[in-house]
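Right after this note come the structures.
Next come two complexes built around subunit A: one with subunit B, the other with subunit C.
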Partner chain A sequence: MMLEATVKMSNKEKFLSHYGMIDFSHDKESFVEKRRAAEKALKGLEFPTSKTEYWKYTRINKLIRESYQLGPADVDSDIDLSVPTKNCLVFVNGYYTDELSWTEAEAGIDFMPLSEAKEKSDKLKGSFDSLTKKEEIFSMINTAYHQDGAYLHLKKGKAAESVYYIVNISAGNQPMSNPRNFIYLEEGSSAKVVMKHISANEGNSFTNQLSEIFVEKNANLEINKLQSENDDAYQISNDEVSQEGSSQFKMNTISLGGGLLRNNLNLDLNGEHIESWMNGLSLLHGKQHVDHHTLIHHREPNCVSHELYKTIADDASTGVFNGKVFVHPIAQKTNAYQSNANMVLTDDASIYSKPELEIYADDVKCSHGSTTGQMDEEAIFYLRSRGIGKKKARAVLLNAFLTDLVEQIGVEHLREEVQSVIDKKYSGVK
Partner chain B sequence: MLKIKNLHASIEGNEILKGIDLEVKAGEVHAIMGPNGSGKSTLSSVLAGRDEYEVTEGSVDFLSEDLLDMEAEDRARAGIFLAFQYPVEIPGVSNINFLKTAINEIREKKGEEPIAAKDFLQRVKEKSKLVGLEGKFNNRSVNEGFSGGEKKRNEIFQMAMLEPKLAILDETDSGLDIDALKVVSEGVNKLKSPDNATIVITHYQRLLDYIVPDYVHVLANGRIVKTGGKELALELEERGYDWIKEEAVKA
Partner chain C sequence: MENQKKNMASEEELLEEITSSEYKYGFVTNIESDKAPKGLSEEIVRFISAKKNEPEWLLEYRLKSLKIWEQMTEPEWAHLKYPKPDFQDLHYYSAPKKKKELESLDEVDPELLETFEKLGISLDEQKRLTGVAVDAVIDSVSVKTTFKEKLGELGIIFCSFSEAVQEHPELVRKYLGTVVPASDNFYAALNSAVFTDGSFCYIPKGVRCPMELSTYFRINEANTGQFERTLVVADEDSYVSYLEGCTAPMRDENQLHAAVVELIALDRAEIKYSTIQNWYPGSKEGKGGIYNFVTKRGLCMEDSKISWTQVETGSAVTWKYPGCVLKGDRSIGEFYSVAVTANHQQADTGSKMLHVGKNTKSTIISKGISAGQANNSYRGLVKINKHATNSRNFTQCDSLLMGNKCGAHTFPYIEVDNSSSQVEHEATTSKIGEDQIFYCKQRGMDEETAINLIVNGYCKEVLNQLPMEFAVEAQKLLEISLEGSVG
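Now for the complex of A and B:
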């Protein structure tokens, strides 16, 4: 007679059991080792709970309790990605999809799926997983179980002509993906990248993306992350950025769609005269929940960081912003500016905003401001008294609120795309 | 053009206007004077369509239409213009875009095409000169960081751009220096025509030297208690309001 043991699995074990079937043995050995190390690390990690300070305002229970499917899915090859560029890599449920991708090589630039780069790139071999936070459970899940992602490498002094698009599509029934990107700009190179997350399906999906980004001396990188999945989609995103002296880096996170989005953006400023921008524009509706956590380490003197996050929260949506600026003792003459401005359009929408400054140097300029307000009714009346209709008046004010962020988008086509979303979204506002 | 009959209005349950009667005909200039808190701005807000006020009694006809039945934006489109006592700052909206939006909204409602860029710029140039602005604020956010006097000039600039039928100037003169006062009044006078009318609310007779009224009304405690010609303003300047209040009590 067989003995039936009832083993109660924890949420984590249940969730990780999704991955039991996949075989990553085709990976090169060093990467398999990293996967194993991450799996080992996962044994000691738990999903955040309501008691975890770092996740205080974002409940992930519903996200981890779903069951998901792993694997590629068919996407109509006519899908309009709205990507007018010469270089676009498309991943469906985390898997590279050649039929949907196109590239036109530029000299001095490697742009390929991570799976291919694993065979070719020494930098990838040497630095893969070096920026990830080993105590962050979703990062370790990604390292252990990532499928594929984009690899972008600019050689010394190379200025990219094309905009590099990385498109992630969730498709099929309850998909789960762990996209993994690796971006490496050598000294003096420059590039603009767009990461686009969209859904080709309805219902839940979970995207757990991670990017490691290396910006060497004097290099200049702009990344625009456009999150416009369906409103049942979940996404957790960890972007780890390492900047060397005199480099410039900008991240624009534009959150339009998605049910629950959590973006962790971590910048390490490892040299002098670095300039960094972290921008976020979130337009929330329904029950959307978008949480931006940023962390910037000023580790050397004479660097400037700018941070501007704005959220418009309509319906019963929730916006969270937590921005931590850490100025190390030797980082004198640091200038760090942080601003978080929010507008709530209903009584049911909520905003949680928390700036955290930890400053251990004395000769620094740091400013932070956080405001949450409603539509300015005086201004609305002023506009109406000049013949501008109620709807239009609201649209004018919302546009005005967002315009400085829209201007931060350095890719014209994307800027127009975002502007047209704003116009559409708020032309019919109550 | 404008016929106000027995107008009563309250805000948050407090009755501020207690029976106003006033008729303004095309081509006329009416001055409204009166002590602080007497209800002058309330009257202009009610005419402009501010939602916070509740009209409890009376009627207002504008060009034979029921004004009180119209939304604020429709009143503006019909030709009412209020120069605010306290113009509102609108960060992020350039003065020029604001005006273009307003003009085009008004045109759209009339079934007209949007104004041609060239014509618009021409109009801006011409009208801003009229109020001595010379396009100075075009690209700045509406009223943001403007000095008190600059805001008032900007109101008149907007009025010039929108060419209203009835302009209500609520203390447009306060905060203006002597030179600006002249420029602004000259602007207002140039815009005057037999087809439009102006209501000027002011505390100072000085303004009425420049914008000469056909009638002067004294508003006290929510009622028009005295009406006269332009000489009434001079008398008020000398004697204050007490004698009128007394007269009103006696009557």
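Now for the complex of A and C:
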């Protein structure tokens, strides 16, 4: 008995013990099975260490050593979410919060919490958990222990009129959440989605987000993910996207706040004539650490993918980019472009960039570029010689550096919001 | 008339090479060798050390390296697939039978001379042609060194590694393992424990080496791992250009080659290190071929420069990342590479540039060509340390694909830790444009010639960096390597 008490738990066991008390009995049987399978898979998985290549630049020790609280928390009902839309689902610590959410139904579009969809949706039943990576520990934690999330389903040919917002709020003391989203666009439909992550608290929180995204033939989806939590927040995010022929998909990841952010974006191009965009804009300060990993599988011929990630690293922050383009042998006439541009503003900031190409087809055009540098003193001089102050000159240049990414945001209100953050952040830059 | 005939002849020659295109250096010289029993253990290391009559400190260094190696595991991270060598099933020492010290070429084994002639590097030819001194290595033991006296006058030491251990132990001891420590990686540790021979070169202060130094390596004995150790030290204000070229005979079993090359450029020195690697790449079906797992690194002190140039066409599996540690302020590192993989060859190669000193500069130009079922990867690291202010790196890696079963991959690591440095990296992957081929054909070239022309143009940036005599050889090598890979 004594022995049992003194046995030291591994980090993983300790971390997973958080979930011991949760009751998921309200889930339908088929979903509970998925949870059990994921729990089983977790037994064979370990947290990445400094020796795990995929996590080379991101240490998660501090993240997994914290102890967290699970459960909903109260959030002021007049909290300003800055969401001018007809459809918005709000989740606090991963739990759906009805009093903060509002929806206005559009014909042919289902937008509801995942917990509700589990009761109603056949689509969900058929495709849930089909894109998750069974060897990725955080995906499996999410599958096993997710609380709730958003479900968005567009029927064939339906073009959404409203922008769909999914807001995740961390609140209370040391909260931990596992939000799980499911987005399905049927043939020829189109939609714009905004995912917003914000904090209503101080101090640590951990969000382990996972989204499964299906874009069928000729469908068109744009997702904007805005990460602006407090600077002690941790977030790991896995977005799994499956695209069919002639579809279009765009993901804009905007990282403004958060202590440690890790975004894994995986695209599978399963048809011909697909077009994909992956964009990332990170404005880092303090001790922030933002790590973007993207992987795109070109599985069929004649597809085009664009990737543009930009980071401005100030103070003692760290920006990581690892993008991989994988061109399968039959994916001839692939056109893939990957670009990563970074600006380092101080000597304490670091940039790690690893743009990768893995190509098994010969008739392709694949290229990538990565640059890391600082503001062009000559350009500053040019502006100053025309009577523009030093601060203003720098702000102009930083703005110019980011402008092509800001323009990628297809939701006007969000674009303005991001632009105002940029203006505010760099108007007084040294 | 005479000239025309000559041209005709060389054309025919080329044609024959192209049509046969079998590995043309595939022959075995029959020299009885003095072999150590198979396997690796402390006894074997002691055996090698005793055989070479080495001082105590070197034996200790070897034993320490062996201990380190025993604790390491073979790296798996490279983008390569090959059956792992059985390290206990290799001979770690083999030397051509010791003859008495040789004074002139007449005393060299005629069979050896013939080998050199087949390789096109006959020693007497070399001896007469000024400008190139050859230290020929056959299965790890230096047989003949030329031009030694001439170099000696300038104070330049250019000799086999074992000779250097005997005659200049203080220099060897001072620099050995300072750039590539035994603990660096699995193969470096293995090499440090069992290296048999190699080349040593020391250029004294302020001396500009008047000729290109070159070594020809040749793996000769079946089932013998080749563990070369090269150490080049350029003292302050000196300059040296070092050439290394390789060919190996045809074998069915894979042969392991794990060399270590260390370059040290002291203040204001410059080292230019050029390699042509043409080891047996295995048969068309992917059988046999050399495993080439090499650690090459240079250390640059203040205002110095190290430049690596390589043309890699051989080996079944290549694992090689020549790098520079830019330790001194204002030092410069360069890497120019053409790597060709055809049939079932695999290469995982690239460069490492570590910027430590201020105002350091590095350039990486890597050209990969894949044909057949080959896989060619570029893996590079550019690291700018926090205190390496105002540093600059430019990296360009281009891949050319020929045929739809090959692969070309790029894995660059870029790490920047300060705000005054600039790092650029760009990579492209494409195939030879139909329009380019069409253009050439329209002007009367056949497809083969057109492709050779285009490939040569593609590699020109790198070939231009090679010393003249190598550039010609390299160009021919590229043509032969890629023959028949388009269709």
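Following the convention adopted for this analysis, the second predicted complex is superposed on the first by the 425 of 430 C-alpha atoms of A that agree within 3 Å, B and C clash if a C-alpha of one lies under 4 Å from a C-alpha of the other, contacts with A are read in each partner's own complex, and residues count from 1 in each chain.
Definition applied: a residue touches a chain if its C-beta (ideal position, glycine included) is under 8 Å from a C-beta of that chain, and two chains touch if they have at least 3 such contacts.
Bear in mind the structure is a predicted one, so any value in this text is a computation, not a measurement.
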Requested in this report: For A:A400, decide between first (touching subunit B), second (touching subunit C), both and neither.
Outcome: first
Query raised in the report: Of the two partner chains, subunit B (first) and subunit C (second), which one does A:K390 touch, if any: first, second, both, or neither?
Result: first
Requested in this report: For A:E356, select first, second, both or neither according to whether it touches subunit B, subunit C, the two together, or no partner.
Outcome: second
Report task. With the two complexes superposed on chain A, say which partner A:A379 touches: subunit B (first), subunit C (second), both, or neither. Result -> first
Report task. Identify the partner contact of A:E39: answer first if only subunit B is touched, second if only subunit C is, both if each is, neither if none is. Result -> neither
Query raised in the report: Of subunit B and subunit C, which one contacts the greater number of residues in subunit A?
Result: C
Query raised in the report: First (subunit B), second (subunit C), both or neither: which does A:D315 touch?
Result: neither
Requested in this report: Would you tell me the residues on subunit A in contact with subunit B in one complex that are also in contact with subunit C in the other?
Outcome: none
Query raised in the report: Which subunit C residues qualify as touching subunit A in the complex?
Result: 77, 79, 386, 389, 399, 401-431
Query raised in the report: Mind pulling up the subunit B residues that touch subunit A in the complex?
Result: 48-51, 71-73, 75-77, 81-82, 84, 87-93, 98-99, 101-103, 105-106, 109, 141-142, 158, 162
Query raised in the report: Which residues of subunit A touch subunit C in their complex?
Result: 53, 329, 332, 342, 344-374
**Report entry** Touch list for subunit A against partner subunit B, complex
**Finding:** 376, 378-379, 381-390, 392-393, 396-397, 399-401, 403-404
